[in-house]
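Heads up, the next two complexes both have chain A, just with different partners, chain B and then chain C.
Showing the complex of A and B:
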């Protein structure tokens, strides 16, 4: 018994929406970044699955997923550095209490 | 079309991914959520293996399971003053759930109406050697741009997190 691309797309859609729910509802900056990582993983999973089933020779989706992994690593590094910098100034990671753009 | 992947490993890994993702969102403890995120990433690496993307599975393990989860755990521990601060209210909001559910329904409708394009199964599935050759020839420019972006992000992260001086 085998599964095709539809099962992978459905799984990726479900993972993406769980991540989106977390990113929209969490109030801790670290948890929001973790939910964003879930969403990136869903996108990568979808790309690799579609690449495996529809462009198996050129592996286009695999290359895109590899570059997305690089960019996502840069994103989470910068995001966590921002969280640390904010924590040093404000002593909090609660997004509700970080409500001033300046000073 | 290339033949599908085995059902039982897919089911096991899919359940691990969805359950782990739900635990990331629903667990009250930030440290537990970070470890559930690690579990999700390892399950996704397993799915990459199933999809015969061995190199990406390795990269996923090294970058996400290795580096990103350690970074997340460091940030969690540096931003907690007391042990009890790891326990948080659940903060789940109805409006966020509605938005996520709406997007899930839209995605499901898109997937349901998806018509698979014709694809020919290759005689031999390309492996890591073909991946690497293409990465350094026809995709050398994006590769170099990605390395520059990574360097800039690294310098920026050190600058932001490093403090005064």
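Showing the complex of A and C:
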């Protein structure tokens, strides 16, 4: 039994849904950031799988995925810095209690 | 000769100026009407010289068309002839005397400025009346005089009496003036003009038309000149200031009726003979009623008022007999001696602070000037030679005698009787006031009061001798008095004076005993022949009854309708209020609370939590995906497949559970 593109896509969709669930439901900002990483990686997985199975000659998908991984590393760094700054101001990282957007 | 227009204009301007002044200013400038009147007097003398030597033709005529009615000009104009000049002289001379006298008489009244202003307006109206060249202008001035008379009778309107008297005078003369207005309307209908020359000379009147017009004019004259049965206002008019009574209610205004009839005499001649006979009998009954009532009055002004009525009746007798020259001469002499008597009465009232002749006496010792001048007036009124009344009365008696018809004989008898009665009641007044013991602290009047009286007394003493010249001036022929008639008239006067002296002087008859002996006569006289009572019962009370009925109708029906409408409106308003409160406010409030509730719901969406917004974004994304999937054929197929799968799973679970 060979592993086909549908399996990769299904795994990617599952990962994305887990990430989405985590991003929408976790109280801690750190966990939300982690969930965001899951969603990003689901997209990366899709890019690599589609590139591998449908355009094997071109490596565009793989390159894009590598590029996204670098960007995501930077993004997590920035996000954690924001969370730290937020913690310093509000003494908490619980997103339920950070509601200043209400105005 | 257009300057004659200045004669009435001077006092009119004085009035207009005083009308706009403050009370203080008016009081300070109270001599202004006197100055105006003096100017009028000077111009009147000039007019007299211009008209000299008189005659029937006018020396000046001017008319001014106000409008055109049916092709005929409706004009007012002036006319200067012998009659108007004579009247001008009377009005201005008496007017100046009364103005001077008033300065003394009214010197303490706070509103005397207004008094002088109205007196000035009256003078203007009277002067315009005698200068009028047509009946329309005459009627206008006539009504202005009526207004002034009303204002001056009611001058002390704080008191009830003068107020009532002024209304009574106004309404009573109004009755006659309605006749006057009807006469004028008939005159216009027939002659299409009001001009004296056109109406009286150029128009050919039918007897019936002339009768209608002349009776209308006569009604006006009877009202203004206080002829029976419209005489009731004049005794009450004595409630006004005495100098005003002297000028208006003795000398000038009340004589305007005589002047009117004398002016319109050609019209009366064109009417059937019974019209003039009627005039005579109106005059005769007035003269008799006035003389009889003057005998029983105790108020000195009322005696003089009834005497004025009586003398005006005398003039009407003369007019009825066609002797307008004699009537006018009596008007002139009467104007002077009656205003003199009124001015004297004013001084006496001022000095004794009473009008009741029973409370007076012995004034000859303290008031020699007043006594002398008053006696001049009394002798003239009684018709004693050589005072003016003798001459004019003689003219009237001669006119009646010369007429020589059954009714003029009757009128002659009445006239002689009235002459005797006149002498009698004047003797009564003089003895009561001047003779006897002194019973008050009276003093002689001020110079400004005595001097005018002296002037009038002098005129009264000498003016009678102008009788033939006066007649010639008017264009009539009349010689010196006939000896027989002079003796007859003097006998009547002597009889009256003798009876008066005997009853009130030497014999000292107790008049109360006389009254008790003839109670019915004395009651009739005390009630003034029941004229006032009849008018009160017949007219005033009937009117009041009708007014009461109308007032009740007003109170019940009209007010009911109005109140009902108001109540209905109020109810409707209440209903609207409720609707407003529940319906409209409810809608507005409901909308408001709806918005608030919706807002409360909506604000939960805006909780400020990042994850909430993310959820919404996710739901939106899901909806977009579902929409795009469901609208594509393959997507629909897939969706149907999914639904079938869900149904199968649910069905399996149900089966398994079962």
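The rule is simple: the second predicted complex is superposed on the first by the 100 of 103 C-alpha atoms of A that agree within 3 Å, B and C clash if a C-alpha of one lies under 4 Å from a C-alpha of the other, contacts with A are read in each partner's own complex, and residues count from 1 in each chain.
The rule we apply is simple: contacts are C-beta pairs under 8 Å (C-beta built on N, C-alpha and C of every residue); 3 or more make two chains touch, one makes a residue touch a chain.
Nothing here was measured: the structure is a model prediction, and the numbers come from that model.
J.: Considering only the touch criterion stated at the top, classify A:98 as touching first (chain B), second (chain C), both, or neither.
T.: second
J.: When the two structures are overlaid on chain A, which partner does A:80 contact: first (chain B), second (chain C), both, or neither?
T.: first
J.: Per the contact definition in the header, classify A:43: touching chain B only (first), chain C only (second), both, or neither.
T.: neither
J.: Quick one: classify A:24 as touching chain B (first), chain C (second), both or neither.
T.: both
J.: What's your read, chain B or chain C touching more residues of chain A?
T.: On the superposition, B touches more of the residues of chain A.
J.: Using the superposition on chain A as set up above, list the residues of chain A that contact both chain B and chain C.
T.: 20, 24-25.
J.: If we count contacts the way the header does, which residues on chain B are in touch with chain A in the complex?
T.: 1-8, 10, 14, 17-18, 21-22, 24-25, 30, 33-34, 37, 40-41, 44, 47-48, 51-53, 55-56, 59-60, 63-64, 67-68, 71-72, 74-76, 78-79, 88, 91-93, 95-97, 99-101, 103-104, 107-108, 111, 114, 116-117, 119, 121-122, 125-126, 130-131, 134-135, 139, 142, 146, 149-150, 152-154, 156-158, 160-161, 163
J.: Hey, which residues of chain C end up touching chain A in the complex?
T.: That would be residues 606-611, 613-615, 618 of chain C.
J.: Spell out the part of chain A that touches chain C in their complex, as residue ranges.
T.: Per the touch definition, chain A meets chain C at residues 20, 23-25, 32, 95-96, 98-103.
J.: Where on chain A does chain B make contact in their complex?
T.: 1-11, 13-22, 24-28, 30-31, 33-35, 37-38, 41, 44-45, 48-49, 51-59, 62-63, 65-67, 69-78, 80-85, 87-88, 93
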